[in-house]
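Shared between the two complexes below is subunit A, which has subunit B as its partner in the first and subunit C in the second.
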Partner chain A sequence: MQKGTIFLTVVALGIGVLVWLLPERPESNDIPPHILLHDIGSGTRFYSTDQIASMLIGRDPSLQLIDVRDPEAYDKFHLPGAVNIPLKNILQEENIDMLSGEEQQHVFYSNGTLRANQAWVLTKRMGIKNTFVMQGGLNHWIETIMNPPYPPSSAPSQAFDLYDFRVAAGSYFRGETAAPVKKQKAPVKVVPRRKKKVTVSGGC
Partner chain B sequence: MGKIHLNSNHWAALLLLLLVVPGFIFSHRPLQYYPVSEQEILEEVLAMKDALTPGEVRKALRSGDPSVVLVDLRTPAEYVIGHLGGAVNIPVFDLLQKENLKMFGDTTKTFVLYADNEVNGCGPWMLLRQLGYDNVKVMLGGYDFYITGKPMPKEIEGKCYDEHPRYDYASFFKGNRADVQPKKTPPKVVIPRNKKKVTVSGGC
Partner chain C sequence: MGPLVPQGIISPEWDFIIALVIGIGFGFILEGAGFSSSRNLVGLFYGYDFVVLRVFFTGGATAAAGILLMDYFGWIDIGQLYVQPTYWGAAIVGGLIMGLGFVTGGFCPGTSFAAASIGKMDALMFVVGTFLGAFLFGETYPLIQNFVNSGYEGGIKIYDSLGMSRGLFTFLLILVAVGMFYFVPVIEKKVRKPEY
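Presenting the complex of A and B:
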């Protein structure tokens, strides 16, 4: 064997040992600031309330709504299918694990846009891809879906189509989110069977 | 021991081992993009102590404090149409340009960011905070709210304007629950059957 080859082998092994001895670097998936800035400046993270409503009605399995408000507010009212991750708990490990799941689109919402947007900035920085924001939050949800304004008569026909959709969606969600009505089973009335009166019948 | 003879192939291999391999290991990712951790940012975001109300900004403008610099994040066109007194225009996408970062690095000054609304102001503010600029604040309500001249409603003073629940969400569902409830089936009217009159029947 050539001495040169042996020398190189020794060098390669040396580098291998060095790499092995290197201190483990903290694993971080943070994205570079300029990419984060671009995402912040562009509106691609937003879903409109109409889009969310139509996805909910279609029972889109890829949609996962996330309510970032306090548990009390969540218990009082939340959109169908939403899970509650209060903003202050968003960095907990199990929540980050859940949000990093790539098969679903995680859409944050709050009363307005701000808190949901803050949750989004934090998760985006950490390199989580599938997070979005419902624009306008619940305030806008009420204004568009539950209580849509009637378009002026000069509006294009699309506006009327949208209005019709919203009215229909509103009535759907009123049914969907109403507290489940407990079905009271009417007590079964036991109708006593009448005993057949034995009539005296003369036999033949 | 003879001298180690390296031919050109060996030199190339040595170069690869010594330069390219460590290069790959170390250039994978810069050590850290953000000097401030997510947890610290989350705490600041929850406390909202860097958020100024339009009233506080107005007061600072009136006092003519030269250490307060307003930063308009909107487009140049919007800026030309109207902006707050003494504001400099930095469109969102230019935020991380070198000369702008140099400006934010001036620790003797306080920079107050604003955009058209507080959501668009908050994202860039969070980004700069994460990059370690702690002399940057954000104006609540944004420009659109500021120019209305209205004071912030008492109940949301200091909190976010956008996040104030404008409706009692649950009530939208309560009021309409009646039409959701399943129709009560009218109680069945039991028509008492007439008793068959038993006739005494004689035999054949």
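Presenting the complex of A and C:
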């Protein structure tokens, strides 16, 4: 037998014994803390209330809203299409399964942002990818979509466009059938025009 | 620190470029090692040439030992590595189809590309067949969907299923590999390589 073959055999078996005897570090699927910190700081988890309203009106099938408040609060009021997963039930297996689905974007909301953010951190820790938070929660929803503030007259035109969108979206979510018609500031005066008298110019 | 891509150390865009470079290297070495010859490849089935067995056992054992050592040194986090999920039904039937195609045609998907690149006509037909098969799979997916997804086990690992530590499993893998390297030449000597 060749010397090289024996040498390689000994090396291979030596490495084998080494990996056998080395202590194992426990496997974990947890996201490392520094990555979690980066994700928390980057703010990419947020959906604005306007984005959510636009997706709801467009019936975007990739959006799944998740209400993390108590069932009583959910029964009183919730956004259309939202399912109720109270924060204390979020670790239940069927809820994890549902949140792990990668076809949809799961957007948490609560009254403010606190509980939705907590739910988001919990799901991130478990390595679930498609979870987001509605920025400002239901309070902000009421402030922006349901009772949007009229922009000051010096605001850029985009602010007025946004206001118009919010008024229309608010009426959509209140269940009104038609958008309110803006009152015209002054009725247009109809000035009847008199026909000019045609003077006969020449002729036979 | 690793794995590099899931941790965002290498961006997903670079991921593809690196995959391309590694793929070219892999193809180059497959061709250089004689894997573009269907006679070498099917030798495993007839018992006159065990180069496939040697290469894949060496690759598997090296990778397993390397990953365990790198995990021990803290260079890579095994928990973050992607594990291909197991579907029993599809794995068994797919394995049978693949094995049958391998022994009749003389190539597996990767080696057929390596052989097509040096201009072998049968390998070129193999490549056409690969795309045709993928197309047929896509078109008939609604019919076979239930079967394809049957027997789902998730990303299970063989050492967990066997109830042993991963270190012990790797040691046994290396032991079997080394034993095989001593044993298969005995078979190779007994079986006469057919003259083509």
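Quick note on the criterion: the second predicted complex is superposed on the first by the 147 of 204 C-alpha atoms of A that agree within 3 Å, B and C clash if a C-alpha of one lies under 4 Å from a C-alpha of the other, contacts with A are read in each partner's own complex, and residues count from 1 in each chain.
Keep this in mind: contacts are C-beta pairs under 8 Å (C-beta built on N, C-alpha and C of every residue); 3 or more make two chains touch, one makes a residue touch a chain.
Note that the structure is predicted; figures quoted are calculated from it, not measured.
Colleague: Using the superposition described at the top, determine whether subunit B or subunit C touches more residues of subunit A.
Modeller: If we count touched residues of subunit A for both partners, the winner is B.
Colleague: Which of the two partners, first being subunit B and second being subunit C, lies in contact with A:168: first, second, both, or neither?
Modeller: In the superposition, A:168 contacts neither subunit B nor subunit C.
Colleague: Looking at the overlay, does A:121 come into contact with subunit B only (first), subunit C only (second), both, or neither?
Modeller: first
Colleague: Return first, second, both or neither, reflecting whether A:11 touches subunit B, subunit C, both chains, or no partner chain.
Modeller: Only subunit B; A:11 stays clear of subunit C.
Colleague: Touching A:155 in the superposition: subunit B (first), subunit C (second), both, neither?
Modeller: In the superposition, A:155 contacts neither subunit B nor subunit C.
Colleague: Using the superposition on chain A described above, determine whether A:83 touches subunit B (first), subunit C (second), both, or neither.
Modeller: In the superposed model, A:83 contacts neither subunit B nor subunit C.
Colleague: Would you sort A:19 into first (subunit B), second (subunit C), both or neither based on which partner it touches?
Modeller: In the superposition, A:19 touches subunit B and subunit C alike.
Colleague: Hey, what residues of subunit A end up touching subunit B and subunit C alike?
Modeller: Residues 12, 15, 19, 22, 25, 28, 30, 32 of subunit A touch both subunit B and subunit C.
Colleague: In the complex of these two chains, what residues of subunit A are touching subunit C?
Modeller: Per the touch definition, subunit A meets subunit C at residues 9, 12-13, 15-25, 27-30, 32, 35.
Colleague: For the complex, give me every residue of subunit A touching subunit B.
Modeller: Touch list, subunit A to subunit B: 2-5, 7-8, 11-12, 15, 19, 22, 25, 28, 30-34, 36-38, 40-41, 73, 76-77, 87-88, 90-91, 110-115, 117-118, 121-122, 125-126, 137-139, 142, 146-147, 173-175, 177-179, 181, 183, 191, 194, 197, 199-204.
Colleague: Quick check: in the complex, which residue numbers of subunit B touch subunit A?
Modeller: Counting only subunit B, the residues touching subunit A are 2, 4-7, 10, 13-14, 17-18, 21-22, 25, 31-34, 38-39, 41-42, 45-46, 92-93, 95-96, 118-119, 122-124, 126-127, 130-131, 160-167, 169-170, 172-173, 176-177, 179-182, 190, 195, 198-204.
Colleague: Provide the residue numbers of subunit C that touch subunit A in the complex, in ascending order.
Modeller: Residues in contact with subunit A: 7-8, 61, 64-65, 68-69, 71-72, 74, 77-80, 165-168, 170-171, 173-175, 177-178, 181.
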